[in-house]
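Note that chain A is present in both complexes that follow, paired respectively with chain B and with chain C.
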Partner chain A sequence: MNFVFRDKRISGLLAVVPANEGNFLDEMQNFNFPKNRSLKLKEVMGYDKHRLVESGVCVSDLAVFGLRQLIDRRLLDPADIDALILVTQSPDLLMPPTSSIIQGRLGLKHDMFCLDINQGCAGYVVGLLQAFLLLEQPAVRKVVLVNADVLSRKTSPKDRNSFPLIGDAASISVIERAGDDSVIHANLKMDGTRCEALMIPAGGMRLPSTSATAVLEDVGDGNLRAKDHLRMDGSAVFNFVQTEVPPMIESLLGAAGTPIAAVDWFLFHQPNRFMLQKLADKMQIDHLKMPSNVVEHFGNSSGVTIPMAIAFNLSPRILTERFRVCLAGFGVGLTWGSMLLSLGAMNFCELIDYPNSAEP
Partner chain B sequence: MKPSTAAATLAALLQEIRPEHDFTASRDFIGEGLLDSFDMITLVATLDKAYGISITGVDIVPEHFRNLDSIAALLRKYTVAP
Partner chain C sequence: MDDFYTKLAEILEVDRVAADDVLSEFEYWDSLTVLSVLAMLDSGYGVNLTAANLRELKQAGELAAVVESRKRK
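For the complex of A and B:
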């Protein structure tokens, strides 16, 4: 499905990562693999450091911390927030919506729209689409889009397929009208027949969490995982990405009449370095134009990796310069989406730490 | 039977990844557990570097890494010989 929007912009971006850092070299001992195999994977996949929340830290904690920073520093007036969209796969509770929890904790006005969206690695594109759609309404002038996940709490530390790359993070994007004739092109596709490629089997109504679903099982390749944990069919996901993403980008750029060379940055979801470099090679995109450094510094925080790639790689230049960027997200659902837009002249764009509990 | 030079080259690369296995003695590396999906990725990175190629993502599927012959056939697709 193709979308075209006019007069919309991302006016500010804040990424929040837990100060608590895990290190692959320290964690290797948890995996039932020879050291040399793990070290080879570190080199190829970009496994290195990842940021992990401490026990008990939830999505709303990261979001409220970041939003309070913006409000306290007068970068965001809470009275201006007409909509709060939260994209997460790891809500604080099954009910109520975590966006309502955030609204309540911040004491935001009642005359606003709060919405949770259950999306993952394509969640930044999906969230932006929803924000742009809301801004078509005259009553909505400013939308806060929060992407946040704490999936390390649902990932087995003894699952080498998932744990080394998982990261926790939140991002806060402020979306408003651009006041110009700028055009944004986007597309989105979904295939629910492949939904089991990425899932957490237990914890919902279909299979409630019990002591049995918490038991670690040998799932092959030396990995131990419970039904309460994130399960990823790595081969299926890899092939999905390599098959679906290049034609999606070709279609997006074709619809916009924009050649690859005219795009300054390809800011894609970052599952691992290898997957991104294979995508870049397939699409003949210079690796320097497609940063793959978020996963090695912070881990894969699903829908947050795109805003983190912006903050980590383009700040502070993005405060004064303007870039033509292509965003792409792909993952749970399965869902894949992309967007071509102009990014720049932001009011703020930075990455901050969520302090550890022992810190003041 | 002594393996060909090409097969021996590939087997040596594979043994750097999984030194505990004899890759000349198997016809089904995946089915017999000699390589898992992460080993395939490590092997692709190794082959890319060794031969100066970039094996396309859609080619990174088990059937291309089942045995020495299938890996050699994949490399020929990229116009290189092991």
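For the complex of A and C:
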């Protein structure tokens, strides 16, 4: 499905990562694999450091911390927030919506729209689409898009398939009218028949969490995880990405009439370095134009890796310069979406730490 | 297809791979290797296999035959 939007822009971006850091070399002792194979995995996938929340830290904690910073520094006036969209797969509670929890904790006005969206690796693109749709309403002038996940809390430390790459993070994007004639192209596809490629089997209504769903099981490949844990079929996801993403980008650029060479940056979801480099090779995109360094520094925080890739690689240049960028997200659902837009002249674009509990 | 066996040997970290070698008997035949093989077939030959396809093939020669029949001309 193709989308076209006019007069919209991302005017500010703040990424929040837990100060607490895990290290692959320490953690690989938890995996039931020969040391040299784990080291090979580190080299190929780009596993190194990743940011993980301390026990008990929730999505709303990261979001409220970041939003308070913006409000205290007068980068965002809370009275201006007409809509708060939260994209997450790890909500504080099953009910109420975590966006309502954030609204309440910050004491935001009642005359606004709070909305949770359950989306993963394509979540930032889906969240932007929703923000743009809301901005079609005259009453909505500023949308805050929070994309946040704390999926390390749902990942088995003994699962070499998932744990080394997982990271926790939040991002806060401010979306408003651009006040110019800029055009944004986007597309989105979904395939629910492949929904089991990425899932957490227990914890919902279908299979509520019990002591039985918390038992670690060897799932046949030497990895230990429980039904309460995130489960990823790595090779199925790899096939999905290599098959669906290149034609999606081709179609997006075709619809926009923009050649690959005219795109300054390809800011894609960051599953791991290996997959991104294979994608870049397949689409004949210069590796320098497609950053793949988020996982090695911070881990894969699902949809949040797109704003992380922007903040980590383009700040501070993005405050003064303007780039033509192509965003792409792909994962849970399965869902894959991409967007071509102009990014720049932002009011703020930074990456900050959420302090550890022992710190003041 | 000689380079196919060379590339396979590189991934498996052995000196050479023969057509009648059984894939699952290599010391390093694990999930990382499977992913690396899938990527090599995709980028080197334009052949897109799944891990399930790969599991059905017993010997290196059977994989070579599939690649030969499906590779980008």
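Some points to look at:
As a working rule, the second predicted complex is superposed on the first by the 360 of 360 C-alpha atoms of A that agree within 3 Å, B and C clash if a C-alpha of one lies under 4 Å from a C-alpha of the other, contacts with A are read in each partner's own complex, and residues count from 1 in each chain.
Keep this in mind: a residue touches a chain if its C-beta (ideal position, glycine included) is under 8 Å from a C-beta of that chain, and two chains touch if they have at least 3 such contacts.
Model, not experiment: these values are computed from the prediction.
Of the two partner chains, neither chain B nor chain C is touched by A:E250.
With both structures placed on the common chain, the touch criterion links A:D221 to chain B and to chain C.
Contact with neither chain B nor chain C is seen for A:D180 once the two complexes are overlaid on the shared chain. In the superposed model, A:E196 makes contact with neither chain B nor chain C.
Once chain A of one complex is fitted onto chain A of the other, the partner contacts of A:E136 are absent, as it touches neither chain B nor chain C.
When the two structures are aligned on the shared chain, A:D77 is found in touch with neither chain B nor chain C. In the overlay built on the shared chain, the residue A:R37 is in contact with chain B and with chain C. In the superposed model, A:V241 lies in contact with chain B only, and not with chain C. Residues common to the contacts of chain A with chain B and with chain C across the two structures: 37, 40-41, 44, 161, 221, 234-235, 238-239, 242-243, 274, 278, 281-282.
Residues 33, 37, 40-41, 44, 161, 221, 234-236, 238-239, 242-243, 274, 278, 281-282 of chain A are the ones that touch chain C when the two sit in their complex.
Those residues of chain C lying in contact with chain A across their complex are 28, 30-32, 34-36, 38-39, 42-43, 48, 50-51.
Only residues 17-18, 36-39, 41-42, 44-45, 54, 56-58, 60-62 of chain B touch chain A when the two sit together in their complex.
Interface residues of chain A, counted against chain B in their complex, comprise 37, 40-41, 43-45, 160-161, 221, 234-235, 238-239, 241-243, 274-275, 278-279, 281-282.
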